[in-house]
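Following are the structures in question.
Common to both upcoming complexes is chain A, partnered first by chain B, then by chain C.
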Partner chain A sequence: MSAFGSALDENPFYVLGLSPDASRIELEREAQKLLGMLELGFAGATTYATPLGPRTRTPELVRAAVAALRDPYRRLVAELWARHAPPATLESTPTAAPAEATQPGLRRRLGWSP
Partner chain B sequence: MYAIPILLLSRLHHYALDARRKNRTTRYFLWSAVAALSATIVLTVAALFVYVLCYAGLWFLALAVIAVLAVPLAGPLAIRHVLVPRGAFRLAYYLGWASRPGRDPTAYGLVVAAWAVAVRPSGRGEAWVASQRDRRIPLGDAEVIATALLAAARGDAMTARSLARSSLLLVENHPSVRELAGEWLAVDAAERGAWSELADDASAARWPASPLTFFLEGVAARRVGAPNAPSERELWARWLVAPKRAATRELRDTATPPPAPAPRVRDADDEAADDGVDAEATGAVALDERAPLPRAIAAHLAFGTGVRTEETLRATVRAWDAALTDGATHAWLARRAIELEAPLGAVDRALREVSAVVSDELGRLADAEELGAPASHGPVGDSLGRRLRHGRLDALEAGFTRWAARRHDAEIRSAIDEWREFIALRDAYTAAVTAGGLELRRLAFPHAYATGTAMAAWLWNARDEYALAHAIFRWLLDEALVVGDSEAIELGTRNCRLAVPTRSD
Partner chain C sequence: MADTPLYVGIDLGTTNSAAAVFDGERVSVIRNTQGATVTPSVVRIDKQGRITVGTRARRFLEQDTPNTAAEFKRLMGTGKAIEFPAAGVAKKPEELSAEVLKALKQDITDQLGVTVERAVISVPALFELPQSAATSEAARLAGFSRVELLQEPIASALAAGWRADDDGGGTWLVFDLGGGTFDASLLETRDGLLRVVGHDGDNFLGGRDFDWAITEHLAAQLPVVPRRNTPEHGPALRALRLAAEEAKIELSRGERAQVTLAQPLSLEGEEIDVDLEVTRATVESLCAPLVDRAIEVCLRLLSAHGLGPGRLAKIVLVGGPTVMPLVRQRVAARLEAPVAEGHDPMTLVAQGAALYAATASLDGRAASVAVPAGRQVWLQYPAVSADLTPHVVGKFVGDHPPATLRLVRSDGGWSSPEVSIAPDGTFLTTVTLLPRRACTFQLEARATSGELVAVTPASLTIVQGLTIGDPPLSRTLGVALASNHVQVYLERGAPLPARRTFTHHTVETVAKGSSESVLKIPIVQGEMTRADLCRLVGTLDIGGDAVKDTVPTGSAVEVTIELDRGGRLSARALIPSIGQVFEHVAHLLVPDAAPAALDAALGELRRQLMDLRSDAFRHGLSQVIERLDRVEARLAEAERDIDAAHGGDADAAQRARRALLDVDATMAEADLARKWPELEDQARQTAISASSMVGMYGTEAEGALLQEVLAAMEKARRDKDAAELERQLRLAQRLSSAAFNRTSEAWELYFEDAASEISRTRDLPRAHALVTEGKSALERGDTEELRRVVKALWQLLPEDSEARKKGFDSGVR
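Here is the complex of A and B:
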């Protein structure tokens, strides 16, 4: 995944499902709660919302997220992305469909391909 | 001797069609009249000759004369409707050879054999056509077009398209062969819905038009609303003359001109444009009330997931440059850095990090789509411009160096492989300089010129590949004229003046 993709997909605030205004204590508490839920296999804890659509949450991501937010500089950068990005969503982002041939099979019908 | 009237009639017919395609109505009627007169004279003389032979009791000779005269007319029909659909490449080759009088009938035979393989692909057929092609030295348009059709037989339409178009660079010109290439390209463009491309080919009369090509060009001209688009009645006439009418009926009925653009109501974008503000009306990058940073991220996401064009890239880069130089963004970062007790210099470092991340991502996407560096000056615009220019220049130089090194390899590659390498490099060069502008063109040209000239001279002197070498000289001269390299212009002009031995009629 590209660095830009990581900045949004793996943004610690999205991984923990918290707003950028969350306090340090709220972050730690949410991380513990999520780790417990993941260990027990709660289905609701296995995905999280990002502006690019739903992503899979793992215990490693949760631990990395809370560690990143303990560092003031990394929290500043994470906030910069999370605070200004479009709202996170659990719906997949539609991508541009490839252009379709307007006359599929025309070459065959006109005797130029099998 | 008997080839002269047939060639004359074919040429007159093409002149008339080309005049029609270029919207030169008077010339079209003039050429049509000359063609009709010539056809009448030729047929009358032939009929008289046959009559005299019959009158003298030489009916067997009369039959032979009729057969000789009928082959050029009936041969192509038999090839198109009987041999090609059955994949009879050998018969198509020999009948093609017999039905095209002139200096080089084999060229037509080779291409119709490749056409038969394209319609009924087989390894045996491909190997046979390739062996016939490799026997012909030097390389000319027929060999390139046959290779294009073999690529189409393998389902590689992109290579086929590129190779077929590349034959225009070659000085050797077999009109009957180019007519088939033009028809393949016209059908391919119609299948892809590339009507503008087809209408452009038609108005420039790049390829001699077969009846099917002429009909498809009419459809394209009507669809894009070209000024010389045929009327409905004329399109019907073209359709009637063209083969495969059942398959093209739908195209004829749906070839309606595009609706006239409705008068626009002035909106906020127009007012913004009047005020000198760039209205980035490109999909999700519409001008909105959001602050610069949310706008930039939204534009970036829209660019990554939506349609990627030069315009959407430029809008995204401008949005980022505006966001990262915006005073409000800096003030917010500085305040949060203090509140979080971030280390000294955290604001500048964060801005640099965001700029680098964004430039890398946009560069990757722009490279994938071969988009040019946008003209935006700012942390993202400058960095992206440098990245795209340098990356493409390095890749080009490496490609040309590899090409030049082939001269010193012990292994001699076939002429068609040399041609494909040149075409690939030329396409890469064109894509890079189109994206990078005149500045990159001036930087890229000297290396391309040095290696290209050396390769072309080697192909001319050591390999006797005159048409191939001439095409390279011609391309280098055109580029030299664009960048204004006087030494290259002088040498290129001298090289292009060399007489090129060809097999054209």
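Here is the complex of A and C:
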């Protein structure tokens, strides 16, 4: 799983449609509302906006988002990404990190010992 | 009671079980037919096949040992049947657990006159998936139509925190010493929300260790000393152990206890009368090292979160063994925090499970077949809410819904404004709750004409109180790859239910029609990056005889792993090239633990331990030496269990198997620490390389994150924490890669590297063709195409066969 590939697409604040200043109770309230709306098939609840364009919202994403934001450290990271959103890029799908996918020879050449 | 939901919680314990119900206002512990709040998890089957459960069965543990089973929870998920020779039947552990559940279910009906079929059942925090699956199966066999599983520490935390007046709360600790496991959970309550800050535990420490310590002390005083590795001594040891347990309980109050057995013990042809005295001081000196071991776990947990003794607001004690004054005194003294009063350590878990059932909207009552009166509406709202103004979302079924809706609180103190109902029947509103109360709201729907419209359900109830989020996954779950690495699907702590899909590629061909050709997708659980150090919990097998067409090497396989709220696993593999889906997860059993295999594993681990120890001394790595000391103590315990396994104790065999796996993982970490100088050097190089990559190609956010990672690396380096340093190092590499991958140079370099390795590929013609395509893309400057080619080339490179064997023969990368 690429922690950074999903930092924007699945940023908890975008998933919940809230600003990084939202209070803890606002996050919980919004998540509960969205889960209910998704369960009942509210049309407006199924997509959310990101700097990379609209993405599909699922109950799993909402649960993961609210769980992430309950953890102070993970919230801080999510805030950081949400506040410093990079410009949109052509990269629309996350790529595998070469640290996992490439061969040892290459890793050595990149300065990473095998 | 009929209109009020009834939430049911069950603590299905190793030694004792309990049930509790919550009606939205009050939690009540259920009493069994003997009037007790706990029911021993003991089942007896007599020669007529009659089943007895609880206290009545427990009485036969000594008199009719072969036909009376206890502690079968430890064998859940192993598939091992327990024989009842008198009746000539064998029952699986889940079938025996089902008998306990049936008894508790009946007690609820007897006490409340309500039939229940939905409940929350607690399980140990570190239960493996097969054990959880067996628990769900036990519930099904007991007639429950739906259950959710909840980790025991969360249950006790919820119960302990439910009526907490101090919402400012601070951090507190749940010290849960059960029959066979110890769990320590660090919690925080804020804004009515309970958060598990951290968790640690010892899966091999519990009240039974106390009992064994006392048993061994008693046994040593007999003229013939019964031994655990001698099957013939089993009945004598069991009798002594029961007496030891009773003496321990008696000594919670008195200073001395007499251990007298009604029947003489038969040992080596001798009849031995047992009449011994044991004092509280003796029992405390025998148990103190075990209590200290639990306290060490707590200190480790506190330290992992930057806390020391004296920083806790309170400690909540859970589990039978914590009734011992020794535990209470020692824990309070060493952790320098007060022990919370007013909680029943024996039923707290069941109470928490009942509260959680409310959080999960799991009304326990059997569904009545009611004919809907009026317009039907589907409602979504939290059954328990920390928020005083939660949302209510709804949708009317069918065309032409009513025009407006109002919610009226039944105490008459509040009603919502009228909300419009959309043409598709949907609406959204909020309600206002009373603090710490269950509030019922009537639904008042009106047609456009203003006439009242009858709706079903006519009301909804929300309890205001402490809530906890979705249950977190206790161990990281992933797929073992052919490289013996793990592709993590769901991280530890991920909220359940959860589902995740990744695309893998096959590393060998699955030939259509060949029964020998099987693609294995092993599903593993654990925190290690090496697959062989994690536990195999299931395998998706795709056989040649099941595929519609041959699946060549490098084919894509989309694997989806799903866990429901109760932690039940399902997995699915889709092979797009042949449009086929495979869903059957095989071998969902805890592996068998044969004593001979355990002996061999123990021997091997001892050899490794010696090597690691001498290396650690040579390099002066004090932290590693400390860790290896712990390993040595664990190995000594495992050895005792293996001894008992030779004597036919299947439970001890399982304990030993888990202990050896844990030791193996600890040694892998220690081994990592041994390579400290190399690791440190690698960290330095990575820091330079990542700073340069992120500096040149990274975004502002990546730059900020890298600074955090580098700081964490520096801290890990100072602390000489090898595992943490390696983890941070991987994060830095990923950040660096993410930045570097944006450049065209990255893909040129990858291409050059992959092209130089094509002699190793299995499909040389295809590799050559790809290299030609890549060269052409390179000339055109088509980075997108070059990327596709590089990825295709990577798929053709073979995996190391040794690594693949270790990775449970995984057929995917």
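Note that the second predicted complex is superposed on the first by the 82 of 114 C-alpha atoms of A that agree within 3 Å, B and C clash if a C-alpha of one lies under 4 Å from a C-alpha of the other, contacts with A are read in each partner's own complex, and residues count from 1 in each chain.
Basically, contacts are C-beta pairs under 8 Å (C-beta built on N, C-alpha and C of every residue); 3 or more make two chains touch, one makes a residue touch a chain.
Computed from a predicted structure; not experimentally measured.
K.L.:
One more residue to check, A:Arg29. First (chain B), second (chain C), both or neither?
P.N.:
second
K.L.:
Would you sort A:Phe42 into first (chain B), second (chain C), both or neither based on which partner it touches?
P.N.:
second
K.L.:
Is the number of chain A residues in contact higher for chain B or for chain C?
P.N.:
C
K.L.:
Of the two partner chains, chain B (first) and chain C (second), which one does A:Glu79 touch, if any: first, second, both, or neither?
P.N.:
First partner only, chain B.
K.L.:
Figure out whether A:Arg63 sits in contact with chain B (first) or chain C (second), or with both, or with neither.
P.N.:
Touch status of A:Arg63: second partner only.
K.L.:
Touching A:Leu52 in the superposition: chain B (first), chain C (second), both, neither?
P.N.:
First partner only, chain B.
K.L.:
Tell me which partner A:Ser19 touches in the superposition: chain B (first), chain C (second), both or neither.
P.N.:
In the superposed model, A:Ser19 contacts neither chain B nor chain C.
K.L.:
Hey, what residues of chain A end up touching chain B and chain C alike?
P.N.:
Touching chain B and chain C on chain A: residues 2-5, 7, 77, 80-81, 84-86, 95-96, 99, 101-103, 105-106, 109-113.
K.L.:
For the complex, give me every residue of chain C touching chain A.
P.N.:
190-191, 193, 195, 378, 380-382, 385-387, 389-395, 426, 428, 469-470, 472, 485, 487-489, 491, 493-495, 497-500, 502, 678, 681-682, 685-686, 688-689, 699-702, 704-705, 730-731, 733-738, 740-742, 746, 749-750, 753-754, 756-757, 787, 791, 794, 797
K.L.:
Of all residues in chain A, which touch chain C in the complex?
P.N.:
For this pair, the touching residues of chain A are 1-5, 7, 24-25, 28-29, 32-33, 35-37, 39-42, 59-60, 63-64, 66-67, 70-71, 77, 80-81, 84-86, 89, 91, 95-103, 105-106, 109-113.
K.L.:
Along chain A, where are the residues that touch chain B in the complex?
P.N.:
Contacts found on chain A: 2-5, 7-8, 51-52, 72-73, 75-77, 79-81, 84-86, 93-96, 99, 101-107, 109-114.
K.L.:
Can you name the residues of chain B that touch chain A in the complex?
P.N.:
Against chain A, chain B makes touches at 80, 84-85, 115, 118-121, 152-153, 183-184, 187-188, 190-193, 212, 243-244, 247-248, 251, 291, 293-294, 297-298, 300-301, 304-307, 333, 336-337, 340-343, 346, 349-350, 353-354, 356-358, 360-361, 364.
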